[in-house]
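Look for subunit A in each of the two complexes below; its partner is subunit B in the first and subunit C in the second.
Coming up: the complex of A and B.
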């Protein structure tokens, strides 16, 4: 034991700085938030242990949380589904090495390297009310009446999905292009010789070979979509509420922020964070298991 | 061996519990008041506001050479979180200013000093607007903060469009307002009315509620939204949207006027920007107080509150500076600097409104509005209820619920949060 320790001592010492940062900035805050989720911590007073009360209230009594949860699920399904679909479509359209393809890939990737705050402000301006926003100017030119985009509850989630798909499809496209280029050409040649149509080649070669990329795109998309915050906070926040008109854009993380930093319920907000963690964890696990199960079929 | 992770986790949690429980809200040891002190003041708002408060602080230093006050800006977006973090860590500014009810909330959690200890209430209460003072202090009378400035609502309207519609004077009552909107529509105005401050929000409803004789709470803080007056106010407000097409998506007042909206209800700060941002509107707009309702005229008065943190080592000097902020000389200095910076500053003393940073005509309108001013309720549970009450009001405006149901639901929320 001592010999092994002596042999590896240098490695352990070199790990110490990372371990210190890892413990101090990840494990400690995480464990602290887990502890706080069982308390009534309000940011100032000494937290008092309240057992499962926060979780009980959250899951069985809090209508706003249920509303946020429902909004989030609808948003996640639409944003991840459409985002993945458009990423794949773009990759199929622009996977070549010619200049036009490279330029198109760069254009579609640009939102991924732009500050999300700047992008959200841009969207807010696009959907400005009256005659000021680009969206209303365009539909005005078409002879249509102006629309109150950000004050119409039925448009909130579609707008959030649009912003997410537009902003994220470039990143997914790059991953899919890498996946497409790694599929051996021989497979397609053999399929063509056997008389496979283009659709059959896509269905039975491209899609199965892209499964690891799809799993990655979907899992990372799920995590990002569940944590949506800036879009709601910047584009839809009103004077007095964070979730937009009639809470139509209220999602889990904005709700967490609202409880923690508007109402000082930091214990309760920690409970929301842990419920969100569990949801993402379970869904990611299901996705990975599904991917593995399909592969084994 | 398998039990090790479980045991480790349990130990970690226990250690965390112990660690977290070490925080306390014991009284802060005060520094010697005769020794030189550097006081830190975090001001929520913009840099221009910080600059006028710094001018007052520099003036204070002339009569108190031992006290240096440094004012820093906190943006509205993250001020609340930063002040909360400072309270949790019990280190940060000596003085804070922000939303009117913030000091009450921080105070209730042990983060603020009761200023009565330093005689702030006896000096300032008589000078402040009673409604705003009542809104800034806690329901039990504790003074964690006092008003720092005022904000209010007025109507900004296009005189040329009114003239074209044959309206000779600005409407003074709800009925006259409705008649004016009909005339404006008949003269070809597409958008007769719009709301900037308080659109789809309780602040917008506030004015109509009080003008109709209603209130959010009774004087002893019992929710009182489920009344015929509240219903009448909501019905009138909803009509402005549904019948007269007031936009539900907020258009900034200047933009609205520039694109042909005949009148906009907006905050006092709007007055400073119209001529500057829309030179074409020069000479084509004017201001008026809100029309009176069946119970008379009432206007919402907001503003910021200022207080001293409980972890300040210079509480006495900080409280003394707050008293100084109400003096004629401090306000004159702030107004002078505010005028240089084109800042919409209304002092917390109603008697000094005529000397605010606005033109005499604009100040006269604000003075008239503030004369009938009522502030946000300072009752327990209001801050928690306000966003949900707004949502119930929105459901009536958007036709998802009738006015009676929306108000009944809002009243239920307020009752639940009142404890």
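Coming up: the complex of A and C.
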């Protein structure tokens, strides 16, 4: 009995480091953030409760936030849609174990292991407005005039999408390759005996079998894309404006940073954070339910 | 073999696409090797005429005297001891500490949650799973306030302590430990081994593949961590590599500075790329495993 008690005590002692830090830097801040989102906290004052005012302003009066939401949704849909398509296509092209396939997979995966800030700085340099930027050199060879890539608001989201797809498709490809290689060969053999065309095999065997992987790639892609920050901050931020020219690249997290840590409206920033929370939470619930299916992979 | 040739033809666009993957990297490397005068030449050269390392350090540049045709190298741009190495050391220290620390405390907790019968473990585990759905940016403002109140802004503990309890690591280790039979641990208990010894000598070795997979994610995440450091770092010395690079980008925006900036980007990328090339197999397996379980 005493032995049992001592073991129980040890159990709790072993739990304490994780649990303490988990409660202190995650659970408590989360509760605190919810509280602050209903206050006018500015980092210095004693937070005063203002009810739903932050949320009312955010959702009905703040044009910049509405703009940020719109931008984020357009960006997320384009980046995740194209990213998933390219991931699947790459996996179909290079799922083998021969060395050319392995080298191709390594090349496409390379951005996933490269310093993300370094990549953003590289893109900024590639899209330099001078004739010596790589992008302008390439279109110059094609006989076109130089473009002010980063100063043209209508190009901002396409460039952000390009950077996201370029950097992320290798990661999705790896997941799809694993999915493809887990489909039993017998299915295809049986289909061929029945005279199914290549397209029909893809349509009626490959795609349905890959559905759990697709769900996983799409949902995790959505969650990552909604949190986009670095690309905007490094590539598009102007001297006084985080969102680039005419706020064309303003997104949710950059706006949170802008309100919270440039203007020190910490209560208002917390309200922004909770809007993000709701979006991600719903997506994660979908992921959790469909994630169970991936387990059978 | 007609189908094989057909396959190669179908793959052709993707082989071409791989060139667009390599081109930016190539551009980065040649930008580092081009001296300032060559960097802004129009049209640009695709093979550096006079490759040099002046983008790291240019001996011809002096602070008090304008020397046309020369720019500060990367290591001449920070007023801290050891220049850019200081930030590399900061990043290496922070990344290793968080990786080792978070794996140790998560494995302890995972061991208790799977192999000990304690009150409330279900509730605890549910709470931890639920927390994985929270975008961490939601805790940004309160954690900043906590750091300020503890006087931890601009310190290593400000980087490390809040990053140690990682729910996804615990979740992954719990799943992994479920597949290990309880008898192994019971047998050790019968032999008189204490709980700490069981954890250190039995549980940790059994967890090795899971720890390897998780360490890859943690290392990549912490090496690239940007938003949190951006908020808590104030001094020059305490920046990690991403913040140091971002500062370079804010202070020097002209084309003449891009050589030094790319030099910094290259130094920032080499460790993780080398890490990847060495442990390539574990990377892909880790991604698939976490995808399957997560």
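The rule is short, and it goes like this: the second predicted complex is superposed on the first by the 270 of 297 C-alpha atoms of A that agree within 3 Å, B and C clash if a C-alpha of one lies under 4 Å from a C-alpha of the other, contacts with A are read in each partner's own complex, and residues count from 1 in each chain.
By our rule, a residue touches a chain if its C-beta (ideal position, glycine included) is under 8 Å from a C-beta of that chain, and two chains touch if they have at least 3 such contacts.
Here the structure is a predicted model, which is why all the values come from computation and not from measurement.
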For subunit A, which side has the bigger count of touched residues, subunit B or subunit C?
-> C
Considering only the touch criterion stated at the top, classify A:227 as touching first (subunit B), second (subunit C), both, or neither.
-> second
First (subunit B), second (subunit C), both or neither touched by A:269 = second
What is the contact status of A:139 with respect to subunit B (first) and subunit C (second): first, second, both, or neither?
-> neither
Can A:21 be said to touch subunit B (first), subunit C (second), both, or neither?
-> second
Of the two partner chains, subunit B (first) and subunit C (second), which one does A:36 touch, if any: first, second, both, or neither?
-> both
So, A:261: does it touch subunit B (first), subunit C (second), both, or neither?
-> both
After lining up the shared chain so the two structures overlap, which partner does A:183 touch, if you call subunit B first and subunit C second: first, second, both or neither?
-> neither
Between subunit B (first) and subunit C (second), which, if any, makes contact with A:191: first, second, both or neither?
-> neither
Is A:130 touching the first partner subunit B, the second partner subunit C, both, or neither of them?
-> both
Would you mind listing the overlap between the subunit B footprint and the subunit C footprint on subunit A?
-> 32, 36, 43, 130-132, 261
Residues of subunit C that touch subunit A when the two form their complex | 10-11, 14-15, 17-18, 20-25, 27-28, 31, 39-44, 105-106, 108-109, 111-113, 116, 118, 124, 127-128, 131-135, 137-146, 161-162, 164-165, 167, 170, 194-196, 199, 220, 223-224, 226-227, 230-231, 241-242, 245-246, 249, 255, 258, 261-262, 264-266, 268-269, 272-273, 275-276, 280, 283-284, 287-288, 291-294
Counting only contacts in the complex, subunit A reaches subunit B at residues 31-32, 34-36, 39, 41-47, 49, 64, 129-132, 148-153, 238-242, 245-247, 258, 261-264
Within their complex, subunit A touches subunit C through residues 7-8, 10-12, 14-15, 17-19, 21-22, 24-30, 32-33, 36, 43, 89-90, 93-94, 104, 106-119, 121-126, 128, 130-132, 134, 137, 140, 166, 170-171, 174-175, 178, 213, 216, 220, 223, 226-227, 229-230, 233-234, 253, 256-257, 260-261, 266, 269-270, 273-274, 276-277, 280-281, 284-285, 288, 291, 294-295, 297
The residues of subunit B that touch subunit A in their complex are 12-13, 16-17, 20-21, 23-25, 80-81, 84, 87-88, 105-106, 109-111, 197-198, 200-203, 247-251, 255-256, 259, 383-384, 386-388, 390-391, 394-395, 398, 400
